[in-house]
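Going in written order, the chains are labelled A, B and C, and every chain counts its residues from 1.
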């Protein structure tokens, strides 16, 4: 009897799904890895040596990581209050905002980047005068960085918004807000001290998705002339056989590692632990 | 503290107070500046032909050309199949690591891995699958040499609709995992206990309590998966060489090809995609409104 | 405590990120040293000085392994001390044109100065006013049918369509187009792009026409040939690249001879591979160079052209197995190193289509490819 009741409590199906899913995920990666090792039977890691010989690998990877972090932070600042406000006070806006956040799926990245260039390559003048307020964004480094972070935010918008929205749905926003206000908190305090911590695991999901998108992105970066990781990989590996496999495997691992760090940094996940 | 009491709106009284809309103004401004303005060309160019004159022919072609109609059908099909398939599998995986009782560390591993896998697409993904399940793939070899099963003789073909769907799942179901894991966290233990106290079986708990609560999140995630697959291009191109003529590949051929084509038609097709997303969103909203009745 | 801590974390992260972004160094380059080359003629040294004043050149769609562009760019940078900004190496010709259009008002580093596009795009971009004329000092030695008489565009190199064969997997090497139909190549052949959009793939079909009873004016036999190849199951829909050839999934890849030869170099013996220029149906594809009418660095662009069309530049292309456009002239003057000459495959008898023929064939192939190959996967009703 003891054995059977213990067996019933053993999450058999969970393990089964996990293992099936795990196999599906891991096998293609294993195939890529195995292929990348097969270049020279005497020097199995030749492809990796070649790939790492290039200094630009680390430079561009780190730069892309920084861009990714910037995108995540600004996205959170933009989207969390918006989603919060919609849930709390403005349900009519919900469909509109959801529609907007689904649009990046149907606008090809190449149209987006050319559009951004067209619009932001002309100088900003005060209307009806010739007084120049600011140089065009494309002409200086910080301006281009702003453009590309904005572009990345647009690309990541669907994922970030959906994560945040799902996270907020599971938390009783209304009650929390009322309680906080009855204790005298202002909006800023509510959002940062009450809402944000409660949707931490959702924020983490959104952050991870954004991170992967930014680090792997090629179109925006290469047409805006930014030295990011995506274009670098492209430049290096397009016409080779083994290096691209090695590089895609390595960048997968490195991105995974970076995500692990993000997770540690944000203090883990999950609100009420052990929900049943 | 002289705080104005918050008027919490009860459902029904519409507020036309424009000040409330200020709250979403930053977001709308951002979307306007960095999404609409750059994409405006999409709209204007779809009414232009290759010589630059105004024309409705691009839009008309959307309905009259069989290859375009077919492209939309294919895109919708593959997006729907992978949204549902990826959705179910993703949900099961998310369930396994949250509510399903697997060790905590596995959850971290799965979540971070899903983060990376959700964006693993395009040529590297196609290559990985070819190296696994292609004619010379290592699983194909294992199955053939050790189990005597030749999957290609049995009719399996990686370079087909089924194969493409299989590959799409690689980034679809991690996405589902990432969205659903926080939602599953929201299932309170007390509900389960209360249900069990009242004598519910696991099935009844799931059917009557958990799933209705989760359904809006599940639907929301699935529309995201749908959009994700709908907009995918590089993977399909790399794996099937444009044979499976989904809309994004047709748009690519018109806009990005090495051959002089009709970009106006490409943009018109993109507008068609916008319309389809809008329709899907409407359908999803309707479904969600029905299911949200369960909450509150 | 926890929320405050994460708030502090958030702010320090934001601060760190802002500092990092603001301080981000521009692309790593050294300050331009004085030109190490002392050009003989005065206009040339004026041009060099003007180009160095501009300080940078923006290129687009130049993969490093294509015609040895990697070394071409590095040599150019070292010789003249200019910075070279490389935009999307994967861009197709249409993307390059679009980039010029989108960057009309832009003087920043996103605007391409020079483009390298398919033959048909030379005329069309001239008609749209997107390029500016410039005749390099070696203009006269460029064949007349490969350049625009007004100097707007000019052919740069050409290659011949060939088969890259992974001999480890398929030791039986096909020698001609007709051999490809043999059943022993079942499921082993692929094109390097989609014939509805990719230059290389379209011209592969066009080339097959030449070997199958067609001519430069009639590309239909090419479509028929590929229809047969597909029906026999020899053609697979994957887009071939060198990785797939190396795994053995696609032992036979139809591509430009310079790509195939460069691939064999990168394989370094694993796998063993060889290039076959088909015995009949030798089709030469020309690419053209042009300077953007809106180039922010016109002098650097002109210097780049001078470099490319000098003997040095043309020889560097030859190192990438491309046939430079001035090849006949250089052979006549005997300036090509003998070892390079030995490496170039024999492409005698290769035919060059005219612009009109090319456009007509492209039109035919792109519209009829789906029907020919039965590639239209029909959606379930």
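Quick notes on this one:
Criterion: a residue touches a chain if its C-beta (ideal position, glycine included) is under 8 Å from a C-beta of that chain, and two chains touch if they have at least 3 such contacts.
Since the model is a prediction, treat every value here as computed from it, not as a measurement.
When the partners of chain A are compared with those of chain C, the chains appearing in both lists are B. Interface comparison, A-B versus B-C: the higher number of contacting C-beta pairs is recorded for A-B. Our note on geometry: chain A versus chain C, Cα centroid distance of 33 Å, whole angstroms.
Each chain gets a centre from the mean of its Cα atoms; for chain A and chain B, those two points are 16 Å apart. Inter-chain centre distance (chain B to chain C, centres taken as mean C-alpha positions): 35 Å.
Counting partners per residue, chain A has 35, 110, 114-115, 118, 244-245 as the residues that reach two or more other chains. In chain B, the residues touching two or more other chains are 123, 127, 131, 137, 252, 255-256.
Counting partners per residue, chain C has 95, 98, 241, 243, 247 as the residues that reach two or more other chains.
Listed in rising order, the residues of chain B touching chain C in the complex are 67, 70, 73-74, 77, 123, 126-127, 130-131, 134-137, 159-161, 237-245, 249, 252-253, 255-261, 263. Interface residues of chain C, counted against chain A in their complex, comprise 2-7, 9-10, 13-14, 17-18, 20-22, 24, 26-28, 58, 63-66, 85-90, 95, 98-99, 101-111, 241-243, 245-247, 259, 262-263, 266-268, 270. Here chain A touches chain C in the complex through residues 35, 38-41, 56, 59, 63, 66, 69-70, 73, 110, 114-115, 117-118, 121-122, 136, 138-142, 144-145, 192-194, 196-197, 200, 218-219, 222-225, 227, 231, 234-236, 238-242, 244-245, 265-267, going by the rule given at the top. Interface residues of chain C, counted against chain B in their complex, comprise 92-95, 98, 118, 120-121, 124, 169, 187, 190-191, 193-194, 196-200, 202, 236-239, 241, 243-244, 247-249, 359, 362, 366, 370, 373, 375-380.
Against chain A, the residues of chain B that register as touching in their complex are 1, 3, 6, 8-9, 11, 14-15, 20-21, 23-24, 26-28, 30-31, 33-35, 37-42, 89, 92-93, 95-102, 106-108, 110-120, 123-125, 127-129, 131-132, 137-139, 169-170, 173-175, 178-189, 191-193, 216-217, 220-221, 223-224, 227-228, 230-231, 233, 248, 251-252, 255-256, 267, 270, 273-274, 276-278, 281, 285.
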